[in-house]
Every structure is written in C-alpha cells, then in structure tokens.
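The data blocks that follow each hold one structure.
Okay, so chain A shows up in both of these, paired with chain B first and chain C after.
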Partner chain A sequence: MYEMDWSSIPGALPFLWKGMVLSLELTLVAVAAGIVWGTLLAIMRLSPLKPLAVFAAGYVSLFRSVPLVMVLLWFFLIVPQLLRTVLGLGPNTDTRFASALVGFSLFEAAYYSEIMRAGIQSVSKGQVSAASALGMTFAQTMRYVVLPQAFRNMVPLLLTQAIILFQDTSLVYVSALSDFFGNAYRVGDRDGRLVELLLFAGAVYFVLCYAASWAVRRFERRIAV
Partner chain B sequence: MISIRNVSKRYGEFQVLSNCSTEVKKGEVIVVCGPSGSGKSTLIKCVNGLEPFQQGEIVVDGTSVGAPETNLPRLRAKVGMVFQHFELFPHMTVLENVGIAQVKVLRRGAEEARARSLKLLERVGLQEQAHKHPGQLSGGQQQRVAIARALALDPICMLFDEPTSALDPEMINEVLDVMVQLAKDGMTMLVVTHEMGFAKKVAHRVIFMDRGQIVEDAQQADFFGAPRSERAQLFLSKILHH
Partner chain C sequence: MGYHWNWLVFAQSVPTGETTFLGWLLAGLRMTLLLSAVSWVLALALGTAMGVLRTVPIRPLRAIAAIYVETFRNVPLLAQLFIWYFVMPELLPFGERFKQLNPMLQQFLASMICLALFTGARVCEQVRAGINALARGQKNAALALGFTLSQAYRHVLLPVAGRLIVPPLTSEMLNTFKNSAVCSTIGLLELAAQGRQLVDYTSQAYESFIAVTVLYLIINVAIMLIMRQVEKHTRVPGLIGTADR
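Then we have the complex of A and B:
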C-alpha cells in the first residue's frame, strides 16, 4: 500500500506561489487579448465585406479544430525564432512566456469570437436600424450601440471561458514554463512525491475554479433581475 | 423635398413595392395607411435607405438615396425616424439617448448637445425623466423620447413608422399630441399610421397602399369624403366603423 507523505508541500509553497502568479498573469493577458481580437474577428465575420468575413470564419474554424497543446507547441517552436529576428534579441533571452502568451491569445480569440458573435446577434435588428437612422456609420453603430449591449449580455459566458482558459494554462508545461502545474510537477518529481503534489495541484485548481464559477452564477442571477 | 419615382422592391419572388411614385413638399404632412403587409412601412424605410430597392429613384433634398456614391449616414442624419418599437438604446440614460448622435454624428460639443437635449425633452414633457433609463419609462414616454432623439439632429423631415401601434390605448394620445404640435410647427412629415383621427386633424394628403401599390394619393378631405377606389372605401369602412 502506497504511503501518502505530504511533507514536501509546505516548504515548496513559495515556489508553487511563483508558478501560480505566472498562471494568473498568463490567464489575464490571454483573456484580455483574446476578447479584443475575438471581438474584432466577430465584427469581421458579421461585416458586409466578404473577404473579411471569409478570413474570420476560416480563422475560427482552424483554431477550433486543432488541439491547444499543438498550437502551444507550434508557437513555442516558431515565435522565439520570429521574435529574435524581428526584435534582434540575443539567443539567451527567454521567449517562452511571450510565445505561450501569443499562442493562448490567438487560440482563445477563436472561442471568444464565437461568444461575441452570439452577443452581437442577441442585439435586436431594430437597434441597428435606429442607430443607422441617426446617421451613425457601421463603426459607430458597433461602438456605441451594439457592442455595449453585446458585452453586457455575454459577461457570464466571457467569465466562464476565462475559467476554462485558466485551467488550460496548465498545458504550458509542454514548453517547460514554470506555471503552477509545472512547478508542482517539478517538486513532486524532485522529492519522489508526484502523486501527492498532483493531488494537491488538482485540489487547488478545483477550489479556485469552483469558487469562480459559483461567483459567476451568483453574478448572473443578479444581473438577470 | 422628397420625390419617390417608380420605386419597386422584391424579396425574392415576393413583390413588396411595385411602381410607387409620390412627391412630398416642404411642410407637408402625409399619412400613409393601408392593410398590414401592404408595403407602407417598407416604403418609408426606403426613403432613408434602411431598406434597399431594386428599381426607381428616391431623391431627398437633392440627394438620390439609391445612388452608390451617396453618403447614406450623412443623408440619414438629415432625416429623422421614429419606430414602432421605439428602439431607444437601453444601456444609456434618456439624456444620453437624445445626445449621442448630436455629439458623435453632428460633432456638437457636449455642453451644446446637453442644452439642446434638455430643451427637446422639455418640449415633449419629459425633462424630469432625463436621468432615467428607457426601461423605467412607460411606452408612451419612451416614444416621446424617441421623437426628441430624432428632432435633436434638426432634421429636414420626419418619418414615422406606426409610432402608436405598440402602445397601450391610454398612451396613444400623449404621443399623437406631440406629433400634432410638430405638424403645426411646420415639420415635413411622412407618417405610417392607422390613426385616422390624426390624419383628419393634421394631414394634408393621405396615401392609401394595398399589395405594394399606391392605390390612392389624395387631398385629405377628398380621401375621407369620397375615396375613389373600392379598396380604399372598404378599408375606411372597416376601420372607421368603431
């Protein structure tokens, strides 16, 4: 029978905390970038300009049809080269964080774009007519009338997607980045206590995400009134 | 001011408008009526380009609506429109609803726009509601805000698309009163409505439409006195009997 031994966790907490900070940073930046780029994609997809609509539709289908791990690996392999060439960085600069950020943002934008597209379509046609009748251009109609209402309608879904994204950040272990999960794995590996550390990491993810989902549900009920 | 010449529109096989022509002079008030599905709403939405049409021409204040080179937003800013379902922006206060296009479309300063908005809200009797959201107002109040919002751009004419059809009966008059006042002030108006009392009171001409055609286009007194077409007679006998 396997004997559980949790003693390596307390000493590793500062190291695990550092990983958690990186995971949260990654989540926040990818959520922000994903929402901005996703919103632009949604607008392109719904715009009357055919080439933009086709591009956005293709982009979304592509990223929704490949596993996130693979996207992260591609960017892990491509982005460092690119950044070094473009910015003239030395070979010792650590670009793993940047490449993970780019990979996540581009990938999540595909999901956020679908959420925003639904949000934009949830705003009635009459609102668009009213804005047009007041002389607003397509861009002004989007900016002042449609998007504020679309965001408000979609806040719960956007937050839920952010919780999923937070869990997905654990996949950056493929690029040996020191996120929370990666650090937990490393401590467990070092001390021969992998089972305990992975159980602990899982419990932390569960508590955080469950609490966040609960908060979103409460928020949803409040704005529904 | 508005000239509609031989306008036709199809949705696929369905002919919504066929060969509609009329003229609206400055200061004229014209009521457009007819059974539902007769194309009257579609016709006035063609006037500010909200609905495209395939044939014919509409010229508003010297600008052809259907021409590809026409700057539609600029044209629409000169033509006020009021919708059946008000379409106020629910995320803005009443004051912001009336002010937004003044600032973003006409590029008025914030202070000037605010002063103008408050004045218009006073005109429709709602200055006290300026800081509420549309959801807190009754239907009649919302429609009066919508009229103020359209007037805020100093339009050269106003289009009304069944402005009282979505209202509870007790609120219809407060909206019609505002419209009557507007007509008396000399505004050019094209009004789709079933309110024949309003038509009798202020309309110069009445246009009767059926199945996408302008069946009758007559002086108000002539229309109510002796409608020429059988379809208009039938329509009038149906809606005036109660």
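Then we have the complex of A and C:
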C-alpha cells in the first residue's frame, strides 16, 4: 500500500503561492479583456451592419470549435514572433506569459460574447424602440439603455464563466508556464511525491472554485427579482 | 517573416518509415474520435443515472449525486486527468495490475475514465434541468395512475426530458471532443499531440497546426449536422423554440 508523505508541501508553499498569483493574474486579465472584447463582439453580431455581424459570428464559431489547448499552442507560436517583429524584442525575452494572456483573452471573448448576446437579447424590444423614439443613436441606445441592463442580468453567468476560466488557466501547462498547477506538478516530480502534490492541488482548486460558485449562487439569489 | 511554407511535408514519410506525416495526423484523428465517442457514451449513461438521482425524493441519493457533480465541476480537467493517471494507480488496489499494462492502453484508460466522469457531471446537470423543466403534474399523474417511481421515470419523465435536452447535450458532446485534446498532456497520441509531434520532427509548425485546427473544425461541423437531424426528429411539438423553421 502507498505511504502518504505530505512533508514536501510546507516548504514548497511560497513556490506554490507564486504559481497561484500567476494563475490569478492570468484569470483577472483574461476576464477583463474577454468581457470587453466579448461585449464588442456581441454588439457587432447584433448590429445592422452585415460585414460586422458576419465577422463576429465567424470569430465566435471558430474559437468555440477549437480546443483551448490548440488555441494556446497557436498563440505560443504566433505571439512571440509578432512581439519580436513589432516591438523588436530579443529572442531571449520570455514571451510565454504574454502569449498565454492573449490566447486566453481572445478565446474567452468568444464565450463571453455569447453570454453578452443573450444578455442584450434579454432586454425587451420596447426599450430599444423607446430609446430610438427619444432620438438616441444605436451607440447611445447600447451605452445608456441596453448594456447596463444586459450586464446586470448576466452578472452571475459572467462570474461563473470566470470560475471556469480560472480552472482553464491550468492548461498553460502545455507551455511550461509556472502557474499553480504547473508548480505543484514540478514540486511533486522533484521530490517523488507526485501523488500528494496532485491531490493537494486538486483540493485547493476544489475549495476555491466551490467557495466561489457558492458565493455566486448566493449573490444570484440576492439580486433575483 | 522568412517562413518556408511546405505543404508537401504531409507526404514525407516519418523517421521510422512505416507511414507518412499525414498518416500520423490521421492516426491522431482516429484516437480523438475513438476516445471521445467512448467517453461520451459512458458520460451519457452515468450522467443520466446521476441526473435521475439528483431529482428523486430520497435525500441520501440526492446528496450522493450532488457531491459527484460538485467534485467534478470544481476541479480543473487537467488536474483530474493527472490524478487519474498518476495518483489513482498508486492508491487503488488493482493499481499494480494497471501499471503493467501497455503504456498506450494506460493513457487511453485514464483519459477515458477522466473524460467520462468529467462530462458525466455536466450531463447530470442537464438531465436534472430537463426533468425539473417538466410540469409537476406529469409525475403526479404517473404516480396517480399507479406507476411506481421508477416506472414514472422510465416511461414518463425521462423520455420527455431527454427530448427537451438534446440541444444542450449537443454542446456537451462537442465539448467532449474538444476536451479530449487535454489528454495530449499525459502523452496520449491523439490529434493535438500528433500535431505537436509533427512540429518537433519537421518544424513546419504552421502547416501542422492549420491541419489539426481544420480537422477539429470538421469534427465540429459533422457533429452539428448530425445532431441537427436528431434534434429535428426528437423535437417536442408545441413548445417554444420547436416551431418549424
């Protein structure tokens, strides 16, 4: 029978914490960028301008059809070259974090755009008609009437998606970036204690995500009409 | 950018000589399809069973299903996969036997169990939503007619709920195929892994990634077309969103 030995975890906590900080940074930036770009995509998709609508629809279905692992691999391939040609960075600059950020933001934007689209469509048509009767332009209608309500309706879903995104950040493993999961794996591999470290990492994710989704559910009940 | 495109790379034979690089990609495609299809069937069975448990009027059973769902939804897929592949063989009694299997079979089995349980939790929530969406009168009417609870589920609730949740299940099915790419991290040679291997051997990264991406798109479109037909046949007449388009 396997003998558990958790002794390599306490000493590794600072290293694991550094990884957690990176995972959280990645999540926060990707959520923010994803919501902004996703909202723009949703507006484009619902806009009367045909080319914009087609572009947004194509973008969303492309990113939703490809596995996140493939998207990340793509961006680890393209982004470093772009950064080097555009910014003239040397070949030794570590561009993995930037690549992961761009990859996650563009990928998650496709999912956020679907949430925002549903949010925008949940606002009743009469409001849009009323706004245009008051002489508001399309942009003003979106900015002052539709989006504020769409956001409020969709806050729980946006937060749930953020929890999923936090779990997905573990996939930066494919580029050997030092996120929480990657660091836990490295410590376990080094000390020959993979079993304990992986169980520990799983438990930490579980506690964080369970607590977060519990909080979202409570929040949802509080704002429910 | 000075990149040399060479689409003929797929026709070159691999170092061991028994096939071409295209052969590698197709082998990866087969692996992705096999793994995802098997996992999906298992997930559907498990998810339906758990989804029923989640709605029965027996508290301990509901609790078991709730614990299952919360556990598998709140741990990242990658962590779950590593736990099945690296941890469970050490802890489970038949782990020693598992470690003596052919490494490829080990990777496949771990991936299959992982994807099935992960997806099953999502299917379970869809099944629960489907059952809860039915009018309460349906179950009461079935019970009043003298059906036992399991008969009510078997003949009344599940057939209708199943038809209601075809669209969300379609997207879970697509997710299973996409999630199978995560299994490349434990060395399973599915589509994404073959793509990376091709880059390592030929450094024709763009050709390889484009080919892999296109193959994933094809899988996606094919499933969507098939499921659209299924949806058309299973649609419940008279409900919103089920009107003929």
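Simple rule for what comes next: the second predicted complex is superposed on the first by the 224 of 225 C-alpha atoms of A that agree within 3 Å, B and C clash if a C-alpha of one lies under 4 Å from a C-alpha of the other, contacts with A are read in each partner's own complex, and residues count from 1 in each chain.
Note that contacts are C-beta pairs under 8 Å (C-beta built on N, C-alpha and C of every residue); 3 or more make two chains touch, one makes a residue touch a chain.
All values derive from a computational prediction rather than experimental measurement.
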item: Which of chain B and chain C A:73 touches, first, second, both or neither; value: second
item: Touching partner for A:217 - first (chain B), second (chain C), both, neither; value: neither
item: Partner, of chain C and chain B, that touches more residues belonging to chain A; value: C
item: Which of chain B and chain C A:148 touches, first, second, both or neither; value: first
item: Chain B versus chain C as contact partner of A:190, first or second or both or neither; value: neither
item: Touching partner for A:168 - first (chain B), second (chain C), both, neither; value: second
item: First (chain B), second (chain C), both or neither touched by A:126; value: first
item: Chain B versus chain C as contact partner of A:137, first or second or both or neither; value: first
item: Complex interface listing, chain C residues touching chain A; value: 1, 70-71, 73-80, 82-83, 86-87, 90-91, 174, 178-182, 184-185, 192, 195-196, 205-206, 209, 212-213, 216-217, 220-221
item: Complex contact set, residues of chain A against chain B; value: 124, 126-127, 129-137, 140, 144-145, 148-149, 152
item: Residue ranges of chain A in contact with chain C within the complex; value: 2, 62, 65-70, 73-74, 77, 81, 85, 167-168, 170-171, 173-174, 181, 185, 194-195, 198-199, 201-202, 205-206, 209-210, 213
item: Chain B residues touching chain A - in the complex, by the definition given at the top; value: 48, 50, 72-81, 83, 85, 87-91, 100-101, 104-106, 149-150, 153
